[in-house]
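Just so it is clear, A, B, C, D and E label the chains in written order, and each chain counts residues from 1 on its own.
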Amino acid sequence: MSESSPAQPILTVRGLTGRIAGQLVVEDVSFDVAATGVTALLGRNGVGKTSTIRSILGLIDRTGEMSLAGTRIDRLPTHRIVQLGVGYVPEDREVFGGLTVAENLRLAERDRSPRRDEVRRLFPDLHDRRDQRAGTLSGGQQQMVSLGRALVNENRLLLVDEPTKGLAPKIVDEVAVALAEAAKTVPILLVEQNLAVIRALAHRAVVLSGGRVVYDGEASDLLDDEAMLRRHLGVHDAGEAA
Amino acid sequence: MAGLVADDAVLELERVGLAIGGARILKEVSLAVPAGELLGVIGPNGAGKTTLFNVVSGVVRPTEGRVVLDGRDVTREPVHRRAAAGLGRTFQTSSLFPALTVLENVRLAAQADLGAAASVFRTPRPTDAATERARDALADVGLADAGDRLAGGLAHGEKRKVEIAMLIAMEPRVILLDEPMAGVGSADVPALAEVIRGLHRGGRTVLMVEHHLDVVLGLADRIAVMHHGELLAVDTPEAVMANPTVQSAYLGEGM
Amino acid sequence: MTQDDLTGSTGATGTGAPARASRRRWLLVGGGLVAVAALAVLPLLAIDVPGVLPGPTYTPGTLQLLAFALLIAALALSYRMLFGLAGLLSFGHALFFAAGAYGLGMALDAFAPSDLPSGLAFTAAIGVTLVFGLVLALTVGALALRVTGISFAMVTLAFAQAGSVLIRRNPEQATGGDEGLALDITHVPEGLVGVVHTRNLYWMALGVLVLVYLVVLWVERSRAGHVAEAARENELRVRVIGVRPYTVRLLVFVVASVLAAVAGMGYLLLQSGAAPRIATADFTLTILVIVVLGGVGYRWGAIVGGIVYTLLDQRLTALAGSPAIEALPDVLRIPLSEPLFILGTLFVLVVLFLPGGIAGLPGRIRTGRRSHPAEPLETTDA
Amino acid sequence: MDTVVLLLVTGLGLGALYFLVASGLSLIYGLMGVLNFAHGSFLTISAFLGWEVGRRVSDGTWLGLGLSALVGVAVGAIVAAATEFLIIRRLYERHIEQALVTVGLSLASVALFEGIWGTDPIYTERPDWLTETTTVLGARIPNDRFLLIACAVLVLGGIVLFLHRTRYGLIIRAGVENRHMVTALGIDVRRAFTLVFAIGGAAAGLGGVLASVYYGYVSAHLGSVLLIFAFIVTVIGGLGSLTGAAIASVLVAVLQQFANFYLAGTGDFVVVVALAAVLLVRPRGLLGRTT
Amino acid sequence: GGGEGGGDASTAAAVSVGMITSQTGPLAAYGEAYTAGFEAGLDYATDGTGAVDGREIEITWADDQGNPDTAVAKAKDLIGQGTQILAGTVVSGIATSLAEQAEQNRVLYISGPAATDAVTGVNDYTFRSGRQTYQDVATAGTFIGDPAGKKVVVFAQDTAFGQGNLAGVQAVLGGQGATVEGVLVAEDATEFTPFAQQILQAAPDLVFVAWAGASSGAMWTSLAQQGVFDVAPVVTGLGDVSTYGAYGEAGASISFLNHYFGGASGTDVEAAMIASLEEAGATPDLFSPDGFVAAQMIVHAIREGGDTVDGMIDALEGWTFESVKGEITVRAEDHALIQPMYQVKLVQDGANWVPELVDTVDADEVAPPVAGE
């Protein structure tokens, strides 16, 4: 699974600082996303996980050095970054409510031969609702559209922000399976509150606190260390939600 | 259908149905919620849980059936009238007034019952009752210090808490919570659960849609299960968890 | 709609450290009183600001211009309440200004033959006009507020257009059509008639402005003001709290409209007449321009905007006819000799580069931050 | 009978003109949320430049008119695209400010046109056929009305096809809702928006040249006259709905004709009443989306 | 200039005159013609000195922008600075406002080309230097000979101007036994074809058209297309030079009433005016005489008025003098300006249309009835 050596991260972030309306929301953050597998980005509510992802994509004002597989991306506009092969699943789904499910997916297709069957296999419900306007879908259904939009292309990196938020346990399982499968071929930077999902998927973990990185290492080391969990994530019962 | 209804029910749904352009989104939902109960509502995505809340709160009008609040048929009443009658709710995606401060958001809820027309023009003071109530409500959810921040700048989890604080400040008797835990960090879940328990303990009736099963199981007196717009079962947590349909349609294998 | 850069204070945020806030409040009140006092003594002084005012401040020409500016500021202030506070983008505000001006003019006309004591007739005419403005505002507001966002703007535009056409049609010879309505001075107090009394008219205009300011302040600070502000942000949410945004909006709409009518009455007296121009959509647009130029986020922005605009309009016209401009080559001369071109361009530049308007300038300089209050155009409705 | 026919057909002709203005307005508003007060100016400048070129080449002939139309369309598209590129773009998603900027633009541009071309209307020449009439069911219909109607139908068809059959149409429709997300899918949405303005401007440009044929003059206020009705039509039809705008254009214009003729010149009032009535019954207009 | 008349100037103070007219705005072109006429008239009346009996006339020009608010502000400013005489404006609405100011502040006001009848007899302080709507209408009446039993249709816009014309026709021709019917069109209407039909259905003997503004081209086209010219003579007022082309082919079929066009009267005064205008690089036009007359009246008022408003009013009331259009009288009762009018037709001259005099209508024949009686 390693054309590039594991020492070569797919994404490097150095000194990333992001602002919204002049207000600092990400402060001097540095970390790497490994070239394979899932890297988890963790932290309590409001530490700036979403903002970090959005800064990487250039959706908010940012400074710092970032490269994707060796290409500097910190000065590129969002659409150019994405065209380099980045899939993005935003925090609040952000489906186009006025477009149909099919149109949402069609819009996302970048590749010459998009992986429509793949998406259809993962989320059969979407296929049945392809002509429904996405705005009338339930929250969970919208999440599937959002995931589908990222998975329909061949990517070099997926940025996934809280994909299981608001999903029924059964779907959480399915999404986790889908992500695990995707992770076999593409590295993922995953923000997730559900530690069970993290435990099942993530190899590495980066923990943010107060806008800065406070942990960067093996995911299992973090998850197994109660003291660290408590300190960084404020979690008391690591075995929760199992 | 009157036989279904318990005497002390504050909220009753009678054969409520909703069809939008041929799609039947709610089918004959009948439900009676006795005063003081905390009813969990679970079901797969798209089952119609949010829609049910929309019907109860008046955001959407059902195409069939009746909604009865405190013995009064409110099916045709607008949202604000139901809210004034003591029905509070939150939304699945947070919905605050982003340009107002946190305290102002909550104070709006606290002063919602504007009272006589003359008082509409009264200027609120930093010390008046509504502000006091708003501060207390913020303290209850652990945001006592956040009063002066703009609501638009809060992180997701904080927004959820502010929404609950707004509910507390409104002092409604019936509360609808739509996925209050969605997006809340694991660390804060227990605290928020405590806040909800507090809401309930004060004697209020709470309906809560939630996918965090452990939270639902820990809090709910009874659990209603929805599937394809129908009410599959309303029962104690134990009985619901043992139900095989619930297992297959909702829970899956578990991780 | 992102609300990212919402940092402009609307003045309604009265919380914060109470001690500091109250000191600030006293400073503001004091500053306001000083400003009003300074404006009030202007007619007694001979301040000459060449290039800005046509002459020393005691001369009728200058006082007339300043009084006009004050009335426009009052009108802008009432519009700001509608637009800045409640987020109601109305294209029909001019209608109420015209209702005040024409209403009073027609009422005075109607009372002219009567042998009521003049003072009484004058007061009665004002009373009748206020009631007329109120009823008109209630009717238009009740209908237009059934819709929101752009639709609301269009309904108000349509009503104003109808009003404007009606005025120009000159039904029953009542409005004077294109030629406008002349003020019948039979019952107008002598102190408000003639160039020698321009000073009194100036003080009247100042009085109107102060009155409008106080009412606006009161409404914005009230619970109704807060609810209106919240409804601007998220209508459904307000309904879920148990308030009907419609009622509160109607309230704000009616108050703003009646205030506009008051300014309109002042205008009639000052100008000794009313012209159909004040009922057109263009006039509403001008008010909108003034409010934005001054800064939507601030009450005093509307005042500054009104004064600056009026003076600028007057001065640019003077500039356009000046020999310096005449001598320029065509490419420069043609645009520069059109005051509206300069004003329009200036306005575009302000919106682009000075989002807080003139009033936002000090704040920008202080914090180096952008600040502009953004109003959602389309409120959520389900 | 022939009066009714006359009123109907001339109403259709006027409706066609309304639609040519409203189509761009509706497109730009519906897709980008920009209430474009400068739309009238796009129309006016196109009419002026179209006239300037047309008369120099061949005044009052079909060739001249054709050239005018081409120039008008091109000018409309270019001016609109430039407006978007240089000004509107800086204010993306700040819809109120965008509308305000266009207000400023329209004030400034009308003044500029007055400075350049004077305040008096400039009377134009047109091909003879257009000044003649054709008798339909006893009514003598001026021929230029037919030209207007034909152009409006073509424009309607063209734009609808564009939006629903092309990828750009899809991008535009999505970009309206959430610009950030469209860029986050790897699409340069700004180009799409410039395109929308260009299309709207081109329709207005054609409308401008045709308006100068219809009115027989060009003047700095040509656009403002039509703009208010175009706004009303857009709202009645349902913001963003092109078909709605088309239907509303015809309804409004025909209603106006009949009211002006039979109800003592009350056309304007009837239109206002119609607007209020439609919005009160259907707050989102005739064909507006109902979410 | 006559500025150096040493001794005289020191004993007699200068007279300040405020001229308010449109230099910008929709009627700027009219304002320009009026202004040029005034300069020529002042030259003529003061023999090129710009002074009366050694007293300098200090003229302050102000731009009303076509906007009454601006005009009133300027007027107040001028009055505040001690101006004794105001004059000017093309805009009827402004003229009535200025008349109001003149009365309130007791200054003399000589209104400009504004045609509204309302200015005549409005108050003691207000005079006029141009013709009024009534005179236009009465001139139209001269086209049908004896109006008794004839049917006249007035086709006009539903504005104060149009209504004024209809009322005028009803008074003038109706009074002489004609049946007068109005076809009033909403000002904002853009489609005139149906109204042309309406005119045809009325089977008129004379169609009087009172139209202003940009839509006139479309209106004339509609009348021509529907064949209105085939059924009855059509009369309308001939505007300024820029409108000659507006009638298109219809121009040749219209009978025009006219206040003035360059060369209409052939008087000596006219020749002097044209010479003076041409020297200044201007051409004679519709409103040149109005400015010229205003200058004559101002000079006369200063000369005979004894420096008081009442004196000036007395001097002007009943004054008869030679002017561009011939002999003109300021009627004492209501200050109407009694003057001749013209019947004109347009003829094609190459690509242009030029006016040609058909007949001169006597001043008395078109004199309005005394206002307020």
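In this text, contacts are C-beta pairs under 8 Å (C-beta built on N, C-alpha and C of every residue); 3 or more make two chains touch, one makes a residue touch a chain.
Note that the coordinates shown come from a computational prediction; the quantities given were computed from them, not determined experimentally.
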Subunit E reached from subunit D - shortest hop count over touching chains: 1
Touching both subunit B and subunit D (chains): A, C
Of all other chains, the one whose Cα centre sits farthest from subunit C: A
Which of A-D and A-B has more C-beta pairs touching across its chains: A-B
Subunit A and subunit E: spacing of chain centres that average the CA atoms, whole Å: 78
Rounded Å distance, subunit B centre to subunit C centre (Cα mean): 43
Averaged-CA centre spacing for the pair subunit E and subunit B, given as whole angstrom: 75
Subunit C and subunit E: spacing of chain centres that average the CA atoms, whole Å: 37
Shared-contact residues (touching 2 or more other chains) in subunit A: 20, 136
Shared-contact residues (touching 2 or more other chains) in subunit E: 158, 186, 188
Per-residue overlap in subunit C, given as positions that touch at least 2 other chains: 4, 6-7, 165, 337-339
Touching residues (chain side subunit C, partner subunit B) in the complex: 3-4, 6-7, 13-16, 18, 21, 218-219, 221-224, 226-227, 229-230, 233-234, 236-244, 248, 251, 373, 382
Contact set on subunit D toward subunit A in their complex: 170-171, 173-174, 176-178, 180-189, 289, 291
Sites on subunit A touched by subunit B in the complex: 20, 23, 43-47, 50, 91-92, 125, 136-141, 143, 162, 165-174, 176, 193-197, 200, 233-236, 240-242
Subunit C-touching residues of subunit B, taken from the complex the two chains share: 57, 59-60, 78-81, 83-84, 88-89, 91, 95-101, 103-105, 107-109, 111-114, 119-124, 126, 131, 147-148, 150, 152, 166, 170
Residues on subunit B engaged by subunit A in the complex (per definition of touch): 20, 42-48, 50, 92-93, 153-158, 179, 182-188, 190, 211-214, 249-255
